[in-house]
Amino acid sequence: MGSLTRSIARNVAIAVIVIVVVVGLLAAAVLLRQRGGGEVTEIKVGVILPLSGKLAETGADLRDGIEFAVDQINSQGGVKACGGVPITVVWGDSAGKPETGASEAERLITQEKVVALVGAYQSAVTKTASEVAERYHVPFVNPDSTSPALTQRGYKWFFRVTPHDAMFAAQQVEFVNWLNQKFGNQIKTVAIIHEDSEWGSKVAEAWQQAFTQAGYQVVKVVKYHAATVTSLDSEVAALKAANPDLLLVAAYVQDAILLVRTMKAQNFAPKAVLAQDAGFITPSYKEQVGADGWYIFSREVFNWDLLEKISRLKEVNDAYKAKYGKDLNGNSARDYTGMWVLYYALEEACKKAKPSDLDAFRSALRDALANLNIPGDKLIMPWRGVKFDANGQNTLGQGIVVQMMEDGKYYTVYPEEFATKEPVFPMPPWTERGG
Amino acid sequence: MVSEIDVISAIINGILVGSIYSLVAMGLALIWGVMDVINFAHGDYMMLGGFIAYALYLAGLDPLVAVPVAFGAIFLTGVATQRLVINPVLEAPLVSQIAATFALLLMIRYGAEAAFGPYTRLVKVSYAETIHLGGITIFVPQLIGFVFSIFVALLLYLFLTRTYVGIALQATSQNREAAQLLGINVKRMYDLAFGIGVGIAAIAGVLLTTFYPLFPEEGGFFTLLAFIIVVLGGFGSVFGSYIGGLIIGVVETVSALFITPSLKDVVAFIIFIVMIMVRPTGLFGKKE
Amino acid sequence: MEERILEVRDVVKRFGGLVAVDHVSMDVYRGEVLGLIGPNGAGKTTLFNVITGIYKPEEGTVRFKGMDITGLPPHQVAKLGIARTFQLVRPLKNFTVLENVVVGALQKSPNLGDAVEKSLEILELVGLYEKRNVASGSLTLVEKKRLEVARALALEPELLLLDEVAAGLRPKEVDALVDMLREINKRGITMIMVEHVMRAVMNLSHRIVVLHHGRKIAEGTPQEVANNPQVIEAYLGTGVE
Amino acid sequence: MAELLKVENIEVFYGEFQALYGVSFHVDEGEIVALLGANGAGKTTTLKTISGLLRPRSGRILYEGRDITHTPPHKRVEAGIAHVPEGRGIFPWLTVMENLKAAAYVKRARERFEETLEFVFSLFPILKERRDQQAGTLSGGEQQMLAIARALILRPRLLMLDEPSLGLAPKLAYNVIMLTKQLRDEGYTILLVEQNVRLSLKVADRAYVLETGRIVKEGSSAELERDPMIRAAYLGM
Amino acid sequence: MRTGWSEIARQALSLPVLVAAFLLVVTPFGLYLADLPFIANMMFLSLMYAIAAMAWNLLMGYTGQLSIGHAVFFGVGAYTTMILVVYYDVTPWIGMFVAGAVAALVGLGLGVPFFRLRSHWFTLATIAAGEIFKLVFNNWEYVGSSAGLQMKIVPEGKALYYLQYAASYVYIYVALLVLAIELVVLYRIVTSREGFYLQAIREDELAAKTLGINTFKYKMMAMGISAFFTGMAGALYAVRYHFVEPAAVFDVITVSTYIAVAGIIGGIYHFAGPIIGSFIFLPAAEYVRVTIVARFPRLFGLHVFVLGVVLLVVSLFAPDGILGWMEKRGYIRRRRVIEV
């Protein structure tokens, strides 16, 4: 009998403790939720980047671009229309994984209460992170993902600053047309080699479409799995057998290096090689590839020699270099630009709503982004400006084409208004070069 | 579409790249055979070898100088690993063994990433030339790698069959208890097997740097390949693993030629599964 | 005792070049205890493995109650009513003694309550009732041997194959075990016992079959076999050529 | 004669199972001692304990007067104890020569390998003939010779043979057992475990009978040969 | 023998289970009130991995078969749910179960050849299967190849049908529901005759065979159920993130291995081991990643390195996991199937 009462007493005690704990937790939760409010002393922006994982190297570059833009904005007086409050960045690490990107987006939106999100480099991560933003009605500024699908989803809160792969492909056709005009119709056949992740596959798809439409013959398409590639011997052999005039390449770093080496090893030199940035413009590639990389064209969004062409850029780059010890590159420059674009929209939004009323402010910011029209001369990018269409795609952006010359540096060769060198065409055979 | 010369060329290139797989697999086979442990971190020791080569390259030396250095350094690392990590779990259930070597994988691979950064590095050797033989092109560093790999395989063969220690190692893998009764210190054999096994993988890593980019995560796929090769060549058969490596190299290049290259690994994995189903002793393996 | 419960006909089992069982035929009659003896490597355990379906013989047939069971998988053989013990005891180490027996008992009594009840009875019979909740890995050897028998009995077999149940036991323990087995046999279970401990096999068997180098060299009552010069030679060896 | 090996009161367990109960015996220099007993009596366990593969829970083992109870197996081999295990334990994928070389791993054997090899080949000419053949392809008798030859390479003082006639045709079994006599004459001390009782008593000087982990009888071969207990131990009469 | 529903109810209504269930049900709501989606997400991930690890452990801890290829079932489950909703407009409420069924079929298909293999051969075959599935999905146009599939955002009125909510808290309840179903099913199995047989197979497959157990049949059963719930876990991934891609759902490290590691850390010989393991490993991994990345942004792989150290310590010093260690210390007792 004693044991029965004891056990009842124990159960009651445990139940009481549990209820007290739960009630306490809920109360704490409600209190926590109510913290903040009042006067806004900063405008919080969430930035999601691959700060760990395979793409951490790129992530670090992107982070520097954002950080530098924010520093500049704040030191010139913050968001003036909101009373000169500074922008604060809250970082989110996607670890390169779509699911982490999504949960970071949610954390930044609900826990950190950011006014907008910026990111997330990889298209797969941008997909999930921007989806969360869309549901929460938070503007998402994407400076750096190029999958065309992103702006085909009908999202209202998603704004992509950079041109996407289909736009690049169209521009690359224009570039090849221009080469043909200039050097006498030497390019008729095209081959494509690409890694098989979403990025490479979509790029290849866009190329195939654009080049076929423009009357070029696509003679061979080869794809490989970058994560496990140990040799590209047969891939290159297959390309060589197809004997194209132009080789289009979408590759990451390791495979880009491997591809160039294998092409040299197999003495495969088409008249031109045109790469889709990525691997070909990473610092490790540029440092490591040496003479083997000469004369290869790459589509770029940005290049150091634009300094001579874009006056604002030199200034920015000098300051950036002084701080980080390196030049801006396509990645850091795009994210830098993305942050500035957001800033211009913030100035407009502040005229319509107060940041303390978060929902209204986010909505105003979205409208500001949708109506934004930034002229090209306010940017460091070789663009005609920033103006979003109904899908949130910047219609005024464009790429450039660069070519690595004998000093191991890339020079802009196209469009002509930004060009600092004449292109070398056709590419000299491997056996006839120095280095 | 595919011409004869392409096929021949694919086969030759397959053999060249396969000879590196072979080295990695031989080391795995040695460890597997002597200790009955599957080393999931095997390819990561290979990667460490690559970084040693890179360090010497930065110091102005030819990366091939690193062959003995990497072997020595990784041998010692391997002996230390065997004593601290492998030996305590030798008698444990399979799941603990796998957990332990998997922990090693995480520590080595991501330790290297923390220490050196995730960046890709490239070594530029003066002999990065190509030879052309009637439509077939051969990249000299790969050829040198092939020659080295044969040389190392031969050395290992001689060591295992001509020296007392080597024979003792083989003896241990065939009958642990009988080996003990002949005065062979089995613990010492484990040290040696693990040390030499990962040491050879490190040599493969060095050779690889002369024609393949170096990065901290490069080992993962090589470990998977090594499993395939060891099973193909015959579990515990060091010689079989060498041939198995060449076969997998050729299978990859040739299947890349005939089906889409991004599926060439599927072919290798399917061969692997079929192999363990129909003939788990491998092509050159011993019956149980 | 005329009904043949098991008929082994011309069974051959090879391992590579080695012929482990070489054209062996034998009959087992319902209710008897048949001893199967022979020096090390004579092929006794291999024959057991053929009967219980662990090995498939190259030649010959095994019939149980007139039904051909050659090459049936072990679990089906067990379901038909042939249970066995192992030479090296193989208790399910992390199972309790009772659980070990219940695994077998569930084959015939799918209801857990019934299976447990039956298992407890069997444990009483083999003298392990007190140890029913002990992890079987911690039993002594003699207890493990008894557990092996109990587990086999739980299958309610008609034919019980005992592989060296007495090996490694002390004489007193052997005697107790023999008593226990005799008790089991009295309940109508036919047995074949592979045994080296002659004290057990000679006391218990009605008939004995002797294997040597995979062949059957003798068959008869314990007395006949013990005095058979071929058997003595197989065991003690020849003195002089 | 000097006492080469002395086993004092050893108790050996496999987990919970006790295999040896206070076994004591000794082997003098230059004699052949046989350990007899039915299957499972503890003969192999005894040999394994002497060579160090098993550790006794209590008791001591003295070799050349030194306590080697806690010496690891390879050190015991270096000290001169060779054990030819039951089932021979040859390395099937090594050649005959490599099997012999495997035994020359210890210093004491390696130093005089060539010399010992000559001797071993003179004992077993067939092995010389088959020196480059894979050991797994040898016949049973040849494998047994190889196992003994390999033990001899170790230049042991004490040679322990576990069931050397197992699985051999009678003629071969006879030859193998008779070989021990020859080896004794060469100066080896031999501890023999053998199922062929009559044959072993023929070559042994003394013998011990083991039953379920205990020594139940000891004496000279001549005494034991007449003892009816031997037959009982094997055939249960 | 079959554990009666009343027995399950009794177990389910026991105090510790009730307290745990109550806390699990209240916590997401509390997290929602406090706006702590980071912790909520950890909780979701822990539940998702707990579901997969429980399923994995039916094969490992109960049947003794070590799989490092459970990403196959996870991925197939995720894709099935996604294909059904994107191409056929089937609600994930149904899709999740179809996903489990399809994964189970795949599991049975792989079981036929793989169960002829023993110990590490089985393990290696599962790894290979994982790689094959990843590569094939990567190249399969219908499922979006490497780009994967993303659900469209639906109007709020249809949120329940398409299981699309902005807040992660909702998905915790979905995961809790799946876990509850799984716990009941698995508990019934492991305490039934079948579960008993599975453990007999783990202990000694040959002995089990001679006790009349059709070991192949029961291993297949375990594989089917294991694949089913792992597929459900994959379905939860698709439901939660509205997105699948081969690189994420077929990953040998973050899926196949994390599932196994969660199980090992918790303790594979305890029913609740994988849940405990998941609720320790996943939050720890996330916490380590977030803090280390914040403190040492330039030491890229450091957080994974730390996980390696943790795993090494567990495998060397507590090879039976946390619950196994507690059992050895006498803090807890493993429940016996039969006690008389």
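Per-chain residue numbering starts at 1, and chain names A, B, C, D and E are given in the order in which the chains are listed.
The working rule: a contact is a pair of C-beta atoms (placed from the backbone, for glycine too) under 8 Å apart; a residue touches a chain by one contact, two chains touch by 3 or more.
The structure presented is a predicted model; accordingly, all values stated were derived computationally and were not measured.
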Both-way neighbours, i.e. chains that touch chain E and touch chain C
none
Interchain contact steps from chain A to chain D (minimum; 1 if touching):
2
Among the chains, which is located farthest from chain E on the basis of C-alpha centroids?
D
Tell me which chain's centre, taken as the mean of its C-alpha atoms, is farthest from chain C.
A
On a C-alpha centroid basis, what's the spacing between chain B and chain C, in Å?
49
Between chain B and chain E, centroid-to-centroid distance (C-alpha), Å:
33
Averaging C-alpha coordinates per chain, one finds the centres of chain A and chain C separated by a number of Å equal to 74
What are the residue numbers in chain A that touch two or more other chains?
56-57, 196, 225
Shared-contact residues (touching 2 or more other chains) in chain C
none
If you look at chain B, which of its residues touch at least two other chains?
117-118, 224, 260, 262, 265
Interchain contacts, given as pairs of chains that touch
A-B, A-E, B-D, B-E, C-D, C-E
If you look only at chain C, which of its residues touch chain D in the complex?
39-41, 138-141, 164, 167-171, 196-203, 226, 231-232, 235-241
Which of the residues in chain C end up touching chain E in this complex?
52, 54, 73-76, 78-79, 83-84, 86, 90-96, 98-99, 102-104, 106-107, 110-113, 115-116, 120, 132-133, 151, 154-155
How about chain B: which of its residues touch chain E in the complex?
38, 85, 88-89, 92-96, 98-100, 102-107, 109-115, 117-118, 216, 224, 227-228, 231, 260, 262-263, 265-266, 269-270, 272-273, 276-277, 280
So in the complex, which bits of chain E are touching chain A?
15, 19, 22-23, 26-27, 29-31, 33-38, 41, 45, 135, 138-139, 145-148, 150, 152-153, 164-168, 237, 240-243, 245, 247-248, 254, 289-290, 293-294, 297-298, 300-301, 303
For a test of understanding, state which residues of chain B touch chain D in their complex under the given definition.
161, 164-165, 167-168, 170-171, 174-175, 177-186, 286
